[in-house]
Amino acid sequence: MRVALFLTCVNDTLYPGTGRAVVKLLTRLGVEVDFPMAQTCCGQAHYNTGYRHGAEPLARHYAEVFGGYEAIVTPSGSCAAMVRELYPRLGARAAAEGRGGELARVLAPVVPKTYELTEFLVDVLGVVDVGAYYPHRVTYHPTCHGLRSLGLGDRPRRLLEAVRGLELVELPGAEECCGFGGTFAVKNPDVSAAMGLDKVRNAESTGAERLCAADNSCLMHLGGTMSRLRTGIEPVHLAEILAGTAADTGGDIEEAGV
Amino acid sequence: MSGTFVGMPAFPAAAREAVGDATLRANLRHATHTIRDKRARAVAELDDWAALREAGRRIKDHTLRHLDTYLVQLEESVTAAGGTVHWAADADEANAIVTELVRATGEREVVKVKSMATQEIGLNEALEEAGIRAYETDLAELIVQLGKDRPSHILVPAIHRNRGEIGAIFRREMAGWGRPAPEGLTDSPAELAEAARLHLREKFLRAKVGISGANFMVAETGTLVVLESEGNGRMCLTLPETLISVVGIEKVVPTWRDLEVFLQTLPRSSTAERMNPYTSTWTGTTDGDGPKTFHLVLLDNGRTDTLADEVGRQALRCIRCSACLNVCPVYERAGGHAYGSVYPGPIGAILSPQLRGMGSEIDRSLPFASSLCGACYEVCPVAIDIPEVLVHLRERVAEGGEVVRNGARITVRPAKGHAAERAAMRAAAWAFRRPGVLRTGQRLASGTRRLHPRRLPGPGRAWSASRELPEVPRESFRDWWQRTQGGPAEGSTK
Amino acid sequence: MSSRERVLARVQRAVGERPESAAEAYVREVPRTYLVEHGARTTAETVDLLAENLADYRALVHRTDEEELPYLLMRLLAEAGPDTVLVPPGLPPEWLAAADPVRLHDRAVSTPQELDRVGAVVTGCALAVAETGTIVLDGSPDQGRRRITLIPDHHICVVRVPQQVVASVPQALSRLDPRRPLTWISGPSATSDIELDRVEGVHGPRTLQVILVE
């Protein structure tokens, strides 16, 4: 199966390790991964900040770049939600503005075949145990768009539970927003920081070494808060956990007692 | 809206103050978390919740689409049942109508059931100017009134006060308004409730005029419905000789049967009960039982303007349950006052700017007072997609566009304060259509990574005051991909 | 232009053209896919659920039969200790045949102050809703004016089971007459206004006793 990786502009620029992890993971699972070099940004920041018309050309660009693939996989719940939930809305609003159905038609093909990583693994590939090894105490934060827009449900948790060596600990108040919210983080910095701080305190209370999520934008906010507070907890994208194997760490699966 | 909110600072500044107030934070956290879990349990009891929610949404949408028909039908039904219907296009008109009606009775005081509509129009202040004293009788409203405070929650306007603060207000202020607080009043909630009972009883028993809102109005029968808990509603609705109800036009539902949906969803969503202690319904006047005279004031005050916006109009479905406030992480930390309106929280952030227009700084800041986490939409019993409307209103602020104000269609210009952001967004959109430009930017950032400061000056401080900046990697993903996987040469994208 | 005309015109401009009438659209647009009743219960189980839910919201529930009812009422009134008990005009006289307190009949001229001096009130009801633990009064002669069940601090309400019991809110609404003033009562007066936690006992009767009579 040949799929396109839509890494997202944030990951491409700031978190290339997540992209390398997705490639490694999918390749290990027998998927042929392509990274269309023309890809840029889905337009989420524009749309959510009130620049819907500014998001339109980016959406068109996305449709043009990815339209030819069987499936498009992205390690970001919020960018996947942008395509799946909000691209149809972009088309509908354009029609409501008297611009006809052209935009909706252009965007329609990429909507159903854009998958968030954990959806792709569990629903399309049908795997839960991806053969990963990650000998750490981990707590998981389900990000809002993954949880409520995409309805990822227990997919990320099932994937994590199948990882050898990994001890998954429950995050109190897990379903509460971390306070990132895109431009919210800088437009309402005090509330954003207070939400982030509460999330970090909850993570600390679990005794976890790693705070895992399936979206690096939330992790950028939480990781930045954790390092400012010197909590010692490392942020880690779910893909990087799932990509890990015993060979990476020199660890021994048998010894890990799994 | 209420004059007390005039001159509110924009949301971020007001929220900053609240975030720093440890008592307020603790009060809000305690109260909202208490109700959150209870609501979830009450909702889980009904396995047809999704169907009830959908029916509620559809009834409201249908009614809004045919609002003129149902308002006229309601007027006929209420009139036929012995009531008198008045129409008010805005707050001033509604206040003038009510003031005149009270004056005509010759009374100088009225008792009030908690009502968002009368809060919205600032009725108490208008009556005060006319020399008429309005006594709030809902416990939380009483706390707000005695404390010369502002409401901070739709259901529990004094949610920002804990029992200790409430006890202090009662001991200090009750004597100035009537019966003083009992000797030795403690802060136990039961004693505080008893103090309110004693304080208000004499007012109920002598009241000649009652003022209420309504949760629902039934067009086919002319019936009004009030849900409450304490019994103050029953007192105000049945003991006075004259009852005046001020109700937003969006509160009408077509049929008696429609109540079967909302009487199931509203109590569970608001107080997390199977049913609230008291629900009163009345149709006009009844011989020998309750008020002899009944006036219904139908209030527009920005509702038809909101109705004209096909995305924003869903805010008019709201049944004022406050479930969205109780789950909102922003409300929990910013508190209700930061929203600068009698409608705080997520629903307030989409309702206030639409009802009032976006002429003020606070109203332009409200659509941005959300991380778009979606918890509000998830719990809303009439499925208002609050994030969708927030983003839509952000567009009005950032890009401008057509809106209806006071019935007239006008074009608003983009907000001034957003010019720099608009330029940055335009530049980003330009760059994102050109992968080569994106790559050049990435390489520039990587090349200078050692020089990046840990904390940013100017607007960047908004990020770095509380968080480290992410480190820029040595190499972007696309560079790595091209180097190692032999990806295709960078494609031209026209 | 009157405000009435102005508001109606604004509504019409806001919603635009509508191809069908409100009545036609209503039938099509409002789905009733929700349940008429939650769960399948026998009549006896529905009555049990009513008792359970009433008690859950702090109503005091008693079960008896026609014959024992006067003695139960006598005992409840004696325990509560009021000198006077208020009686709506159409209350079956045999219910209080054994009771000691002075019976006061509600009259149109009874002032709120007079009612405030009464210790307790005994009424029937229009119906009771099992799923929510609710009793509904509709002002019939055995229930009286709304104020008599509001001002006295102690309300004793007699429900005839099973005929006055419905399972659900939809069933209740279809049996009630909207032209009558209705009072739905679910437990004694309460408030959630202090820290969003429920406290019983504010303005309405602080004691609610419900007698289920078979």
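Descriptive notes on the structure:
All chains are identified by letter, namely A, B and C, in their written order; residue positions are counted from 1 within each chain.
What we mean here is this: contacts are C-beta pairs under 8 Å (C-beta built on N, C-alpha and C of every residue); 3 or more make two chains touch, one makes a residue touch a chain.
Remember, predicted model here, so these are calculated numbers, not experimental data.
Comparing each chain's Cα centroid with the centroid of every protein Cα atom identifies chain B as the most central. For the criterion of most C-beta pairs in contact, the winning chain pair is B-C. Centre-to-centre separation between subunit B and subunit C, using Cα means, comes to 30 Å. Per-chain CA centroids place subunit A at a distance of 52 Å from subunit C. Averaged C-alpha coordinates put the centre of subunit A at 32 Å from the centre of subunit B. For subunit B in complex with subunit C, the residues that touch the partner chain are 27, 30-32, 34-35, 45-48, 51-52, 54-55, 58-59, 61-62, 64-72, 81, 87-89, 93, 137-140, 143, 155-156, 158-159, 162-163, 166, 189-190, 192-194, 196-197, 200-201, 204-206, 218, 221, 223, 229-232, 234-235, 237-239, 249, 254-261, 263-264, 271, 273-283, 286, 288-290, 298, 300, 304-305, 307-308, 313, 326, 404, 407. Put simply, subunit A touches subunit B in their complex at residues 7, 9, 11-17, 19-20, 23, 34-41, 43, 45-55, 57-58, 61, 64-65, 89, 93, 96, 144-145, 148-149, 175-177, 179-197, 220-221, 223-225, 227-228.
Residues 2-4, 6-15, 18, 21-22, 25-26, 29-35, 38, 53, 57, 108, 111-113, 116, 129, 131-134, 139, 145-147, 150-151, 169-170, 173-174, 178-205 of subunit C are the ones that touch subunit B when the two sit in their complex.
Listed in rising order, the residues of subunit B touching subunit A in the complex are 11-12, 15-16, 19-20, 25, 310-311, 329-330, 333-334, 367-375, 377-378, 388, 391, 393-399, 418, 421-422, 425-426, 428-429, 431-435, 438, 441-442, 445, 459, 462-463, 465-470, 472-473, 475-478, 480-482, 485, 487-493.
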